[in-house]
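Working notes for the structure below.
Labels run A, B, C, D and E following the written order; every chain starts at residue 1.
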Amino acid sequence: ESACLITKTDTNPFFVKMKEGAQAKAAELGIELKSYAGRIDGDHESQVAAVEACIADGARGILITASDTKAIVDSVKAARDAGLLVIALDTPLDPIDAADATFATDNFKAGELIGQWAKATLGDKAAEARIAMLDLGISQPSVDVLRDQGFLQGFGIELGDPNKWGDETDPRIVGHEVTSGNEEGGLKAMETLLAKDPDINLVYTINEPAAAGAYEALKAIGREKDVLIVSVDGGCPGVQNVKDGVIGATSQQYPLDMASKGIEAIAAFAKDGTRPAPTEGKDFVDTGVQLVTDKPAEGIESIDSTKGTELCWG
Amino acid sequence: MSSDTKTAASYEEGLRGASDKVAEFHEPKSALKRLQHWLHMTPSAVPMIVLIAAIIIFGLKEENFFRAVTLSTILQQLVIVGILGCAQSLVVLTAGIDLSVGAIAVFSSVLMGQFTFRYGIPAPLSIGLGLAAGTAMGFANGWLVARVKLPPFIVTLGTWQIILAANYIYSANETIRSSEIAAEAPALQFWGYSIQPGGVKILYAVFLMIALVALLAYVLRHTAWGRHVYAVGDDPEAAELAGVRTRRVLIQVYALAGLFCAIAGWVMIGRFGSVSPSASTGQLGNIQSITAVVIGGISLFGGRGSIVGMFFGALIVGVFEMGLKMVGTDPQWTFFLIGMLIIIAVAVDQWIRKASA
Amino acid sequence: MTREPLLKARGLVKRYGKVTALDHCDFDLMPGEILAVIGDNGAGKSSLIKALSGAIQPDEGEIMLEGQQVRFASPLDARASGIECVYQTLAMSPALSIADNMFMGRELRKPGIMGKWFRKLDRPAMEKFAREKLNELGLMTIQNINQAVETLSGGQRQGVAVARAAAFGSKVVILDEPTAALGVKESRRVLELIRDVRARGIPIILISHNMPHVFEVADRIHIHRLGRRLCVIRPQDYSMSDAVAFMTGAKVPDEAATAA
Amino acid sequence: MSSDTKTAASYEEGLRGASDKVAEFHEPKSALKRLQHWLHMTPSAVPMIVLIAAIIIFGLKEENFFRAVTLSTILQQLVIVGILGCAQSLVVLTAGIDLSVGAIAVFSSVLMGQFTFRYGIPAPLSIGLGLAAGTAMGFANGWLVARVKLPPFIVTLGTWQIILAANYIYSANETIRSSEIAAEAPALQFWGYSIQPGGVKILYAVFLMIALVALLAYVLRHTAWGRHVYAVGDDPEAAELAGVRTRRVLIQVYALAGLFCAIAGWVMIGRFGSVSPSASTGQLGNIQSITAVVIGGISLFGGRGSIVGMFFGALIVGVFEMGLKMVGTDPQWTFFLIGMLIIIAVAVDQWIRKASA
Amino acid sequence: MTREPLLKARGLVKRYGKVTALDHCDFDLMPGEILAVIGDNGAGKSSLIKALSGAIQPDEGEIMLEGQQVRFASPLDARASGIECVYQTLAMSPALSIADNMFMGRELRKPGIMGKWFRKLDRPAMEKFAREKLNELGLMTIQNINQAVETLSGGQRQGVAVARAAAFGSKVVILDEPTAALGVKESRRVLELIRDVRARGIPIILISHNMPHVFEVADRIHIHRLGRRLCVIRPQDYSMSDAVAFMTGAKVPDEAATAA
């Protein structure tokens, strides 16, 4: 029996760990796992090619974190028509029932949590916050938009088009910059926004590596103590950074969980054709998201970094 | 006065009775020599040999590889790169390089889609407009290269960014769904339809790609314009002095490349079903097409190589990628091995050429 | 002379940065004559004929063809007016074949539909023509008409360029040092060819450093010095020594020597 | 027998008394002409003028722009590109191109970090090993270019992928955190330290970059080796015939470029604090450095241009990026305008050169 | 002759694909002589001297310098053995200055620390030397020694190349058609220079299509035909017509004509 794992990229630690989780589970269940990835964030074509390769290869099921949730639908349908079980991981397809099942976190919710936390933590100062938005890339892949818009919603900022970032008119936003989701990009973007407005006091980051870069930029001008950084992911280095006070709060997701559940589902399907059922009351299997912070805010459920470290990936 | 006029040429009397024999040299005769000579004369044969070798090796490693489905999948996966490769080949033959091919393709596809769905223009007209827009973008490249005399690398580096940004801004990052297109404007998806002889699916797009390659091969080889393209790439000053309208040819080449990219954009809609402004072809199309072009033996210094070689180059990359995936290689190892392949393929090519020179 | 010059230039100036290659240079070519242009290295001969054939645009001055003022924006313009030129640098595409190079910019198309609709080249015809022209020049060491030009020896290349100009020039043929790299036998053929072309009524401008050749074939000799025309002489009236003396500045020509 | 020997040269009697006067031409005298001439003679001045114009314009549009902090930020943002640009310039001067610069830099920085943290090698030794590894990667490029005679574009396209993939595989995508490095191996972060005259922070890395540019400028201009680099780029065959060891020079150039990239990798650690295998430089370093090189007026066909021009080219891009981001808001529009600027900067350059030719 | 040849080659073969440029060719250069090599275009003269100077590696055959067998892997090897060559293509770097080109591969460094430790070039010395050598050739239209070679006229370029070889050759100087693009005055200077070089005891190989020049300066004439040495004659023993007849195949030399 063989299965495929198709991730957005394989350079982001998030997907690297997801792959490791899937591999471990597959080895345990005696399934041959082949992994594929896009070359860059938002690489839709490589994912289409990967789905086609899986079909040609006679795999029993596909786990996919779609780069373009609408566009991949056709390929997924072709795979299902060919008798494969397709499970969307991390990111639901659009429409969500295009896949046999979805094991995902809600990225919008992840953003919302850190937005609410930031608002509560700033308290009165939230009204005149100076916010830097460190996003992923100018092609605005869907995670990028969901996390960004979720954060703004949670912080209480009026969204323009919720399918796109950068069209908000709230004067508290200093600007959006793109980071490619790594330290280098985070540092440069932060430096640029600081040049534009040295009084920034809240930084949203697409993921924890970008947050680490932003922190370096703040440290360089001695402002690392009085600026709040929030992020999403919950990788072990990220949680460690929460513990060290680099990041104020991060929304933790569970890629290992998603991947191993996905493999189990494929194994079950290969055995007797059973399909996984969604979480009660939702149209997908929610693998959950939790806020990790050592400074809990009232009314927002969170776990501390010690707990976060137990649950973290990578 | 003219006492020295006559004598000057006197020694030329020695010419009388000069031999008119053409120099004779022994021709190589052995079969090996003849093979080498044929390889030398047929530059596209080298990538073909590499290709066949690759197919045989993967076929032995992985039984599924030889199934018709696998091979048709490979073909359909390389249609976009193949068509972009045609555009790239034209430009590279003139000693240029076009970094904007992928961006033009993506933007053209977005324009076709948005014209239809945002403004309600009938699909065939939208397609026409999209093709025209792609041609215009190519023309802009050509104008900057030929008239303003900027280096092609810079021009297309700039237009790549400009077109990609315009694409994101204009489309507001919105994907148009496959089901909507299928319902309202199936013409956009034309190249995604297929014939299925004996159950094996072959996209119309595959035939289109082969037709385009054949057409370009004919034009380059058998028309005056094609010869001019080679001459411009070889030595633009000499071509100009010899009576080629260098600048006009350059502009035509870039505009035609733009048209090919727009066709690739149309094919993208059929192949992927939907219209997506963030398609990675916009970012990676240039490197992929350049890889195909160079593995296919077209010289980046212009004037040497054939379009059929490019086609085999694209096939080699396609076969390798698919083969490695099926053997179950990790994606990073795939990139690693494709990097090796690029170098080895070109090294083998060089070696054969040298042996046969 | 009562006849009007076929090709005439007045006051041509061409500067390259600090260097003035042409310094108010005049020029006259009479119908049907062989006009030689001689001068020291760097005197500006190549610049002059480049201006006449559209390869460079002079900064000042005017050019008249058959009494009409012309401006050639490119060599193609000049060629369209029947002026054919062999440049010192030969202007060949190294990777293309001899036949391709000879027909560059005026390829023959197949007769009938293939040529008209599919614009297909008539390779056999072009190859046959090229082969003939080369044979006329006696370039018989060239074994293969489809050989790339880059594989030819320097002299062979020059032969191909000369053959091209001679075959296609209709009003004026310009040759910039056509025999510089040619052997004795091949040079002789070029001189014969020049005479053939004149016999067809087409005037020729010949730049050469080879005095015996110049005095043998030229009807008139334009002596170029320091970027301008010093004088024009007839080979019957002066000896080679005189010409050399004029061109190097050893002697100054008397007034009468202008034109003739 | 030798009756015709003497007469042949008889006409040369005319040479007696030949003028030995050097041709005299009038020199241009006006101030404008002299400026033009100076511009022509000093190719790096053109990008400098574009740069100054850009700074003035942005300074007028945006008051924050003239603050010392902004300018020092711009400088520190371009150190990596500046050092990679030095490597790229060397290669481009030999008519090559190096797509692997960014990958070498990132992999070298990962090696330095992993040597220290995975194997516990002392940091200075790890740095030395990392620099050696970068040089070796460059050497491999050079060997393939000079010995196997593959086109540089292909070689470095291949090694780019190979090195980047090796980087991910070797590091298992693990980032080494800034605080760990600061605690255990501060030498790795050396170039991130700064001096603060009058409160304005200037990184050591900025001084390093300027020193490297000055060093290379000296070497290229005032040593035999530098002249050989130009000769190889200009016309490799002629250089070989004229007695330059073309292949050796090429290998040295690529190896030196590799060393520069590794230095850039070391600087990256200081600048970003952490060691991350997925740094964007690995993907984008090549395009960024090539942009700097070309805007700086170095010809991609080799043999023409100066390293100082490259430095101004990098500065232009840095100033434009920062300026646009400060003036505008949307990254997509910034991306668009930078595309325009690349083209316009080079067009202005061309225009000034033409005017002064 | 009792003396041993300084430079000797036996049975050289060089093939380019189907073309055989050298076909078991022999060659001898005696100490202190001027040896001319003449032959039709494409006869293989350039290929011969390229083999002798390391620019190409012959497929077969051997080369002896002063009785020692040598293998030159590159022109630099030959140069290290004192063989200096002006190729037909001149081998100049167009964008570099005249002085840079003349000293390519053997640059002078500043005396003292600057030169030793910082390897700084001694530009003034190089420029002075270059200027002197050009003046010896009478190339005085060159105004600026720092001019890029690409801005020179064809003839000026050739002059620079010849000056370079003459200045540095220590054992053998080879000139492949050095006067092809030169004017009367400049050609004369080159011939004088050739004699000067011989007067310094250095033998010269001169390839030329200019029979009067060849017969004027050569001590012996190597006649090349169809890729091999046909015969070697002395200019005193034969007329130019004979030489031309031999080289074009119009006459066959008698046995005695081999060497002398």
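As a convention for this text, contacts are C-beta pairs under 8 Å (C-beta built on N, C-alpha and C of every residue); 3 or more make two chains touch, one makes a residue touch a chain.
These numbers come from a predicted model, not from an experiment.
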{"item": "Chain E reached from chain D - shortest hop count over touching chains", "value": "1"}
{"item": "Any chain in contact with chain C as well as chain D", "value": "B, E"}
{"item": "Greatest separation from chain C - chain, by CA centre", "value": "A"}
{"item": "Centroid-based (C-alpha) most distant chain relative to chain B", "value": "E"}
{"item": "Pair joined by the larger number of C-beta contacts - B-C, B-E", "value": "B-C"}
{"item": "Rounded Å distance, chain B centre to chain D centre (Cα mean)", "value": "30"}
{"item": "Whole-Å gap between the CA centroids of chain A and chain C", "value": "73"}
{"item": "Intercentroid distance (Cα basis), chain E paired with chain B, Å", "value": "45"}
{"item": "CA centroid of chain A to CA centroid of chain B, Å", "value": "37"}
{"item": "Where chain C touches two or more other chains, by residue", "value": "17-19, 42, 89, 141, 143, 184-185, 211-212, 239-241, 244, 248"}
{"item": "Residues of chain A whose C-beta touches two or more other chains", "value": "10, 40, 138"}
{"item": "Where chain B touches two or more other chains, by residue", "value": "4, 8, 10-12, 14-15, 18, 21, 23, 164-165, 168, 330, 332, 335"}
{"item": "Touch relationships between chains, expressed as pairs", "value": "A-B, A-D, B-C, B-D, B-E, C-D, C-E, D-E"}
{"item": "Interfacial residue positions of chain C with respect to chain B in the complex", "value": "55, 74-76, 79, 85, 87, 89-96, 100-101, 104-107, 109, 118-121, 138, 140-141, 143, 184-185, 188, 211-213, 215-216, 235-241"}
{"item": "Contact footprint of chain B on chain A as seen in their complex", "value": "10, 32, 34-40, 42-46, 48-50, 52-53, 55-58, 67-68, 70-71, 73-75, 138-141, 145, 161, 163-164"}
{"item": "In the complex with chain A, residue positions of chain B that touch it", "value": "64, 67, 69-70, 73, 76-77, 80, 164-165, 168, 172-175, 177-179, 271-274, 276-284, 321-322, 325-326, 328, 330-332, 335"}
{"item": "Interfacial residue positions of chain E with respect to chain C in the complex", "value": "16-19, 39-43, 46, 88-89, 139, 141-144, 151-156, 159, 177, 180-187, 209-211, 244, 247-248"}
{"item": "Residues of chain A defined as touching chain D within the complex", "value": "10-13, 16, 40, 135, 138, 166, 175-178, 180-185, 187-188, 191-192, 194-196, 198, 209, 212-213, 215-216, 219-221, 237, 240-241, 244, 246, 314"}
